[in-house]
Structures are given as C-alpha cells and as structure tokens.
Amino acid sequence: MTFTVAVSGASGYAGGELLRLLADHPEFDVRTVTAHSNAGQPLTAVQPHLRSYTHLTLKETSAETLAGHDVVFLALPHGASGAIAAELAADTLVIDCGADHRLEDAGDWAAFYGGDFHGAWEYGVPELPRLSGTQRTRLARTRRIAAPGCNASTVSISLAPGIRAGVIEDADLVSVLAVGPSGAGRALKAHLLGSEILGSANPYAVGGTHRHIPEIQQALRWAGAASPTISFTPVIVPMSRGILATSTARVVPGTDAATVRAAWEDAYAGEPFVQVLPEGQFPRTADVLGANTALIGLAVDEAAGRVVVVTAVDNLVKGTAGAAIQSANIALSLAEATGLPVNGVAP
Amino acid sequence: MTFTVAVSGASGYAGGELLRLLADHPEFDVRTVTAHSNAGQPLTAVQPHLRSYTHLTLKETSAETLAGHDVVFLALPHGASGAIAAELAADTLVIDCGADHRLEDAGDWAAFYGGDFHGAWEYGVPELPRLSGTQRTRLARTRRIAAPGCNASTVSISLAPGIRAGVIEDADLVSVLAVGPSGAGRALKAHLLGSEILGSANPYAVGGTHRHIPEIQQALRWAGAASPTISFTPVIVPMSRGILATSTARVVPGTDAATVRAAWEDAYAGEPFVQVLPEGQFPRTADVLGANTALIGLAVDEAAGRVVVVTAVDNLVKGTAGAAIQSANIALSLAEATGLPVNGVAP
Amino acid sequence: MTFTVAVSGASGYAGGELLRLLADHPEFDVRTVTAHSNAGQPLTAVQPHLRSYTHLTLKETSAETLAGHDVVFLALPHGASGAIAAELAADTLVIDCGADHRLEDAGDWAAFYGGDFHGAWEYGVPELPRLSGTQRTRLARTRRIAAPGCNASTVSISLAPGIRAGVIEDADLVSVLAVGPSGAGRALKAHLLGSEILGSANPYAVGGTHRHIPEIQQALRWAGAASPTISFTPVIVPMSRGILATSTARVVPGTDAATVRAAWEDAYAGEPFVQVLPEGQFPRTADVLGANTALIGLAVDEAAGRVVVVTAVDNLVKGTAGAAIQSANIALSLAEATGLPVNGVAP
Amino acid sequence: MTFTVAVSGASGYAGGELLRLLADHPEFDVRTVTAHSNAGQPLTAVQPHLRSYTHLTLKETSAETLAGHDVVFLALPHGASGAIAAELAADTLVIDCGADHRLEDAGDWAAFYGGDFHGAWEYGVPELPRLSGTQRTRLARTRRIAAPGCNASTVSISLAPGIRAGVIEDADLVSVLAVGPSGAGRALKAHLLGSEILGSANPYAVGGTHRHIPEIQQALRWAGAASPTISFTPVIVPMSRGILATSTARVVPGTDAATVRAAWEDAYAGEPFVQVLPEGQFPRTADVLGANTALIGLAVDEAAGRVVVVTAVDNLVKGTAGAAIQSANIALSLAEATGLPVNGVAP
C-alpha cells in the first residue's frame, strides 16, 4: 500500500532533503508541502533541485493543511513543532525533525533550549544500543518519532557501543566535529555567509554550550552510562554537508585493542546503514554524501590510553531526513531500508 | 645592513611562502633559489604568484649553490636536509623547515621517521614557554634553527601555557585539527587530489601515528610536563591553508576558570604574534590567513572538567615560513617582527 | 529480465559513478568490475563510498574478463578502449565512456587526439536534435554507443536547439565553462592537487585547443549548422563536480525573444532529463549534483544581440555515466529513465 | 610626511580590505573608522582578522566623524556616498569605493542604478588606456576618485588595449566571469549563504542586466570604441575572493596573432600591477590573492576568429581597495606602488 505524506518546513534544508529522499521511496506519496514565508510559491522556486516536484505548490504550515495524511514530517525551527504536533491525530505517524521532542528531561530542555517543554517521543536512531537491544524495538510500536540532532546522533552512534560493552569509561569523553554549514539551516546569519565560510574553519558553541550535549548524554545513558561527561566542539568547515566526528574515550584499563574493536563490530554487525570499516581504514564525509550511511573507523591509541572513533555522516540524511524516513519505515512495518541510498556521491 | 639569502626547495609550498614573505622583508635580499626536478626553470614558471621574482631562475639544490649567503633556508623533504646542512659553514645562519633537526631524542626519530638521526637544533617557536623564560633566548644565540612542524607548533602553543602554569594535567590531552592540504606539500598523492578533498573532511594518521606527536611532547616537557600523553587527530578539510586546532586538557582539580585563563593570558602578554582573544571569542583560520599570527580562544567547560583551547594558525606562515623568518630575525638581532604580517587576509 | 553487466575502469571517477548509478538500477546486475593497477583489490578499498559493493573484487581489464556479459561499460583512458572494444562480441551492448568512438572525422581525431582512429559509434546524448528527430532513434538500434564528453555534451545541448530552429547564427559561438576537477579524472597531475584548486579559478586549454571542440562542432552540424565556429574556454573551479556552461550566440537578425526561447522549449518539451527553466530563472550546478538532469536557463540580451544559454550538468552523471546508462536503456528497450535520478543533491 | 586617514564602511568587506592594506602603508595613518549598525563596537569585534587595529572603535558614519582627515575612503552601499561626499572639504582627498561617482552618463545611472545622480569623479584604474595616454594623468590632479567596480575594471583592463590599438572589434564582445561571493558584500541574502555557494557554480544577472556593463562600455569608449556591445555574465564560484574573467573579441580581419598580442604587451609594459604573461601561460585567481596585481593571459584562436583574454584579479584588492590606494598614491604624489603587495598568497 502507499502512504500519503505531508512535509512541513519544505522550504528549508531538512524539508528539502526529506522530499529528495521521498521522491525515490516506493511506498510514500507526497501530497502536501508547507512553508511559512514562502507559502504560495511553487516548491521548485525555493528548491530548484527538486525537479520531480514541479507540480507542487507550498501551502501555509498549519494543523489543517497537515491533517488527513498518513504520515506527517515536521521540519520546523526549534520550538515550533510542539504546538502543531499536539493538534495532529493520534493515529497519524508524526516525525519531528526539530528538537522539541528529543529530550526526556525537562531540566535539560530548560537549560539548553528554554520555552515550553513538550516531552520526549521515541528517538529516531534505530541502531542505537540500549541496555537491552536497540532503539529499533521502540520505534516499531509508536506513532510519534523525534528525528535526532545530526551532531548528537553522530556522536552517540560513535560512542554508545563502547559504553554498552563496558570497554570505555563514560567520563571524560571528547568529541570534535568538522561540520558543513547546512546543519545550521537556511536562516540568514552573518557567520553563515559564503564569504565567511569559504577557505576557513570556524568553531562555534565552544566550551560546553552546544544544545546537542544533553541529547548525547541521554543516548549514552540509554547504553548504560551512569553519568557521562563530554567535551564537545563543532567546527564549521567549507563543505555544504557532512559531519566528521572524531570522538575519543579512555579505554577501561586492562581491555585489549581487539576487545575494544569487537564492541563496535558486534554492535553494528548486520546493520545496513552503520558500518564499521576494517582496521586501518577511516571514513571521509564524501563517502556518505547523499547516503543514509554512517561509516565508522576505529583505532586504539595505546600510548594515549584512548580509543579514537571517527564517524562520517551526511547531516541532512543519516543525521536528519534519512533517519526520519528509516524510523518511519520501521513504525509502518515497511522494510527498514526502503527508499534509502547506501552509496555516497563521491568524488 | 642587508643579509644575503638562499632558499632551497623553492618550488614547494614552504619554499614559495618563504619567498613571498622575504619579498617584503627590508633586511633580506634573496639571491639564490634552488630546486630539484624544476632546476633550470624560471621561478615564476613554478610559482606564478611570486610576481616580484621574475628575475630569478631555479638552480640545482647543492651545498655549492647554497654556500656564500648569510642566511640559508632549507625547505626540503624530510630526510634531505641533514646531509646538506652538514656541509654549510658554521657561521651561516641555517634554518631547516624540514623535520631533520627538530627532535632531541634519537628514539623518537627512529620510531616516527627512521633513517639517519642528525640531532636537534634550536626550535623555531620563540613564544614557547620553557621551564624558565621562553624559547626566544636560545634562538638569540644560535646559527642553526629548526622551524617547527605546523601541526606540532600549533598544539604546543595551545597547551604549553597551561602546563607551565600547572593548571592542566599533562596526561590525557586531546587535540583534533582541521587542516588544509598544503601542509602535506606539493607531492603527487592520490588522496591530495582536488576531487578527493573538495566537499569532504578526510582524517589521516589516526590513532597515535602522526609524526608530530613526539615534537609536541618534547615542547610540553620543555614547559614542565613530566610525561605528557596526547590523542592527536588531524582532519584535512577543503581549504588550501590553515590549521584550526581544538585541544582539550583536564583542569587540575580546584583550579578556577579565571586562573586557567590567566595562564594563557600571562604567557602571551605582549607577544605580537600569539594573541589570546577575549572571553567568548574564538578564532577562525581566515583570521590568520597569510599572517604570522596565532590566535587563541579559550573556554573552561566545567561540566566536562576540561579547558578547550582553539588555536588558528596559517600552516605555511606561523606554522612554517613565518616562524622561520621570525626566528631568523631573532638570531640576527633584528627586530623580531620585521617583515612579518600580523593581519589576516579575510574574507 | 535482468542484464548482466561488466564495468571496466572501475577504479576511476567515471567507473565509480557508473557503479553508483547501476546499484539502484532494477534491470542491471553488476557481475564484474575491472581495473589496471588496482586489480586484485576489493572495490571498496579504491571506491570507499560504494558501500553496496563490498562483495566485489577488481579484476584485470581484458577482453576475457569483460566477455560473457550482456552489457559492457568501458571507462578507460582515451586511446585504451578502441583495441579492447574490437574484441567484444557484436551482440554485446558496449558503451564507451572514453573518446575513442565519438568523432566521425578522422582528421578531427588526428588533430585533437592522435593515434589509431577507430571510427564513430552512436553518440550517447538521446535528446540532441538532429536535422530530423533526435539522436534517440539511432540509439534504439545499435549495440555500440559512445558516451559523450562532459563539456561537449553540455555545450551541444545548450546550442543545438537554436541551430536546429534557425534562430541563432552558427558562426562566432562563445562558451565559457566553470567545471569541477573530477572531469579531468583521477590521474596524478600537479595542477589537480587540492592545494592548487581550492580557493582559485584556473583556466586551461585556452585558445581553441580543447579536445571537445570538434565533438561540439559535430553535434551542431547534426543539428543543421554548416560550419560552426566556437570559442571554448573551460575554467576549473573549487567544486568536485559540475559544469556550468555559459554559451552565447548571435541571434539571427529579426528574430524576437519569444521565438528564440521557443526554440529551446520546443526542443526539450517532454524530456525528463533536459529541462528549460522559466524566464528569469537560471540553474546552479548544485541543482543537478548527482542527477541525470541538464537544467537550462535562457536570456536574450537585446543590447548585445546575443542569446545567453546557461546550462548546469553533473559532469559524472548527465555528462558521462548517466548519459551512458540512459543510452543503454534505450538500446535495450527499457524505459529510458530507469534507474536514473532526476533530483539534485542540494545544498 | 604622513597623511591622516578615515575609512567609512569599515565593517564591510571593502572597508576591511582597505584597512588591511593601509596597515602596511608607510605614509598613511588610519585615525578613524566608521560604520552604521556596528558603531560603538571595537573594530576587531567585526573584523577579527585585523589584529593591528585592536586600539580602534567604530564611530557612526557621518560627515562630522570623517571631516578633518587628509584622506577619506568611502566604502558605503551604492547610493549612500553621494550625499556624504558632498559635505566633505574640497581639498580632502576622497576616494569613493561605491558606484555613486563612476558613471558619466546620467542615463546609464538611471537605467542601471536609479536614484539621485551625483556625476562622475576620476576613475581609479590608473593603467586604463585612454585615447591619449592613460587614466593615470587625470588621477594626478584630482581630489575626487571613484574606485572601480571590481568586475568592470577587470573586463576593462582585459579589453581596452585591443580597442586602443585597433586590433579587435568593439561590437560583440563576450565576457564570462568566475567570481567569489565577497564581491557582493556582507549583506544578508539567501543566495549568498555558504550552503548555497559551497560546491556549486551559480550565475546571476544574466542577459545584460548587470550594473557593471555601462561602466565597462564607458572605459572602452575612453579607449576609442565607438559603441561597444558586450555580453557579460558573472558566475559565483566557491572561493571567497577572486575574479577570473574570460573575455573574447573578434580580431579585426587581417590582423596577425603577434600584432594582437603586442597590443596588450605594449599597453602594459612597465606596469607594476598589470602584467601580461608569456605566450601559453594563463593566470589563476590564487596567483593574485591578496595582491594588487592583475595577471593577463592571452591567446588568439584563429579557428574562432577571436582573441581570448583571461584576467585574474583579487576583487577586494586590485578590484577595489588596492585600486583605491594606488589611485590615492598618485593623487598625493607618492610613489604609485607604495604599500601595495604584488605577490599573491598561494596556494
């Protein structure tokens, strides 16, 4: 059967990427696209790369325009989805690509976002280990899914297997990410101008202030961490998309390198979209561009006493829109990989 | 007075940058440029951006062509400068931009480079703290200078003040660097092709294998570290030049944030080329492009128990050619800042 | 039914892109991949982005390894495919992505390439107008197809409709192209290093020497030009993929702007992969990244007496691998668009 | 003697570049920097790369704050400088980096800009040929200078020698430019976001609408053209700075290639900042990054009947701020090259 779909926030980057992927999904039929300031325009006037959608016009984002579809994707600014989601029918599958339904802890929400707290939905990273099993099981029986923060899911995927297997300490984690500016969205901000970003590496949210930190800690607690601490620094680099997360953790003393590596290989064995590369190989973001794939390279640095986990993700696909669709596939009992590309667009 | 200068390796990136900076140096007169496979060609055929040197032709690199100058800069591949340097007159000021004379420890050389060990020269990072004073004093009384590795000096500058002041632990340091490919030189390697680098973040030398690691440890020992351990990961990003090093260290328990910050501000107070930004500001590599400036931003992440030091450097200037000239200025008793730009070329 | 496929030159950029597209093609089954210096390696060691092919190992390129497949794609260096193609069975569908079978005129081959001349195969740009109909008809009844040169087909697509309709003069055409370096392949050449390409626009083959010029002239003659002359200049810019061709031609005096525009709109009406944008809109290469789409924007500059045609193409898809597969679909009587993406990967 | 200087629009890209160059100018002393929305902030809060100016605070732009300096640089949005310039003392040297004083013809101003017409000042491209001599003579005796549009001056420099020498026709000129986004300034516009520009070539102002067209025609008329027509298309490419202009013109029938080349070589013989490369060499924008140099490569395409002139310029230096300072040097009877870099920052 085919499911009818509405995408709100269709004029943004996450919304555009949802539509690009949905165009090749055999079970979804995009009927409605909505936006705010661009409502009334043809979709391709705002997203000229979406050539298969020349027939669609952007409607105003509202509970009314979104109602009546089997699946609703919300790709709205943080703080905007909570209210609208509350108006959608309980049996509609709703996937929120914003932050509003990611955090379980009201204190975390208040500290890092502020405003009304809407409570957590099931977290849309199926492969993420939990104390027993994976996140996948929970996604299979919900109609409300919170797609992950792109940086957060990349780091969580990087570190959770080591936590789960007990081979790394949960204190003193360190992640530094090279990220493309599309993760920051299409908002007009001076530091996101092309002239500022071309030819330069630009850090932001340094020193423990980034909003994805509590989201990472939450995922690591699901994997068994008691009270994880992480130093987290994103650096914008001159590529439109992509996250290359270099995460390090202290190896639990007495654990040999093979055991460390096995934790990741076992956690992701058989996963189509999270792949651990052979010893000595490390991923590049180009390898996953446009794909729903997270590629992981791993090395144990014995001199430093740390494991180094390098993970490449396309922030708009596995980091957002692909994760949303993968999770929707699960919730709808479709084959999990339906409509999702695994090969990157390189070079 | 004017000093006569020869630059070997003038067809490479470090050699080209030496020449660009020397062109605006009032006390240096470049008489001779040498190369290997490009010998016999006009310099501008190989370095078309060096428009002020249309009168120079590349000679063969040899002790003979380099002899007879007051100052000789060696910008040769690793392993190539040791032999040729041994043939130069003792009173010639020789600055080696390669690795051959950086490491004091023969074991480090054997482990990370291999081949003949030539012993260490004075290290060309004047601002680097030593247990007493700075590296500057030693440079003032030598005729043999080893210009630093670009990644190494960036990380050493980032962490040494905290070590020197005793506010950070020397174990479990972590540095992740976004670097431009020019740091890898002009050699023809598949992973350095434009198609591989554009639009992608590409890690290399992951897991404790990078050759700059012992050089960093050496500099931190000079600052007082007993046995520093560091997890060090460079990531090539799509900008031709620049290093953005994100370095973190555990704050010594009980040290408050202001004391931590003061360690860096005190260490670099009055330095023209190493500047600590005000609280809340962090540098971008574009801010130092083409300049001999290292810009440092600093934050204490109390939740993570770590200080995060973000340092931006132009790998070819402060990381190599600028450091070489700055050190030469000191050795020749010229004003240290002579001929060296402090403002970056941005945007 | 499913057709068995072999791809030679699978370690290069064109070969890699063929494989990426073939992975999602429901009627093709890639059985064999071949290479030269990389033979014996797993495909993913050389093409790490092709995650769906972890089961394939590169064989040596030879007529023997390629024989026995329904379809053979040759993605070899210029001059290398002629000999091997001659050994393949007549009823095998062979698509040559190199230049060896593009030119009909032995004199053109001698002047721009040299070496053995192998004669022309059917030219793999289905939409290209010919004096009667399109190139598509010829592709439907052949087993030998020459995929186009990426720059050539982009310019031919840009100008042929105006020639065919008689609204532009065929003398004094001018095309300037912004191109990504992947069009030059994976060969190790100094001017293709990332450091040379990042942050710079670099012209090459200026002044009428580019090998794609006779290929363009041939296509324009097919459209009706008597003796087309074209000034053609490619400029490498810092994006891994993409061609943005700005082509101008003198409007035949007395032709109004609407008639000019109609020539292109009529020529490409109903084409899924060549789309003319509405008045006032012009394409960006990001709009077609990864897609088999050519997007055309058109303006008549009455003051200059010229039409300006701006066409965006992904050089590796519509410019090479996508054109090859689209043409193969036609030759095999499959639906022409099978397995080919129409939406670009943007931003 | 030292001249006191004020720079208005100091928070923009042109203003920032003026300050970067002025910092190394031995005869200028920057006393005042002004801005609009950023007034009151330290200059380095807005221009963090200008490390030598940590002592300056941005004042409000007004005739009052600018008065009392020997030299005033205006780097304001188009339409903003006319009124303020009218209030400055007649003996103050005023250089307008905006468009307000470039065009001599009120009709051109009305057609391409609109609003109040302020009349033309002397045009700040000293090397530009006029029917007799160069623009230099006029700059030597003025106190009002209009710095050029960056695209306009690049194209004018490219074509004027051929016009002046009578070797090219003035009808049917064609220029296509690869340009960095910094030429469009620091304004917040969606099409200038990094995500839109990275990895893509984006045309704009296609079809004869760009505001620099009448400025080019004016310069070509100064060189002797009766009524020049030009097809002009700029394409934004992913480099922060730089213009690579590919300009072609029909060679006057019967003119041989050597005569064509001689027109450019003669026009720019002895010019420090406009250099014609040897036969077969063509410039890259990296060769002039940060420098006040225009590099020209030239080829005669006999088959096409056109000369191709490829010119590389840094839009912020030779295209704007460097041209302004070079012209100011002339007007103040300083050595013309004072304080201006000739070598590019490459790679």
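Going by the order they are written in, the chains are A, B, C and D; count residues from 1 in each one.
FYI, a residue touches a chain if its C-beta (ideal position, glycine included) is under 8 Å from a C-beta of that chain, and two chains touch if they have at least 3 such contacts.
This is a predicted model, so every value here is computed, not measured.
Enquirer: With chain centres defined as mean CA positions, report which chain is farthest from subunit D.
Expert: Measuring from the centre of subunit D, the most distant chain centre belongs to A.
Enquirer: Which one, A-C, A-D or B-C, has the same contacts as B-D for more than half of its contact pairs?
Expert: A-C
Enquirer: State, to the nearest whole Å, the distance from the C-alpha centre of subunit A to the C-alpha centre of subunit D.
Expert: 45
Enquirer: Counting only Cα atoms for the centres, state how far subunit A is from subunit B in Å.
Expert: 37
Enquirer: Pull out every residue in subunit A that's touching 2 or more other chains.
Expert: 13, 182, 195-196, 198-200, 238-241, 283-284, 286-287, 289, 346-347
Enquirer: Where on subunit B is subunit D touching in the complex?
Expert: 13, 16, 20, 23-24, 45, 47-53, 182, 198-199, 240-241, 275, 277, 281, 283-284, 286-291, 293, 295, 341-347
Enquirer: Spell out the residues on subunit A that touch subunit D in their complex, using ranges where they run on.
Expert: So the residues of subunit A touching subunit D come out as 13, 180-182, 186, 188-190, 192-200, 236, 238-240.
Enquirer: List the residues on subunit C that touch subunit D in their complex, please.
Expert: So the residues of subunit C touching subunit D come out as 172, 174, 176, 178, 195-196, 198-204, 206-208, 213, 229-233, 235, 237-242, 244, 246, 248, 250, 282-287, 289, 297, 299-306, 308, 310, 312, 346-347.
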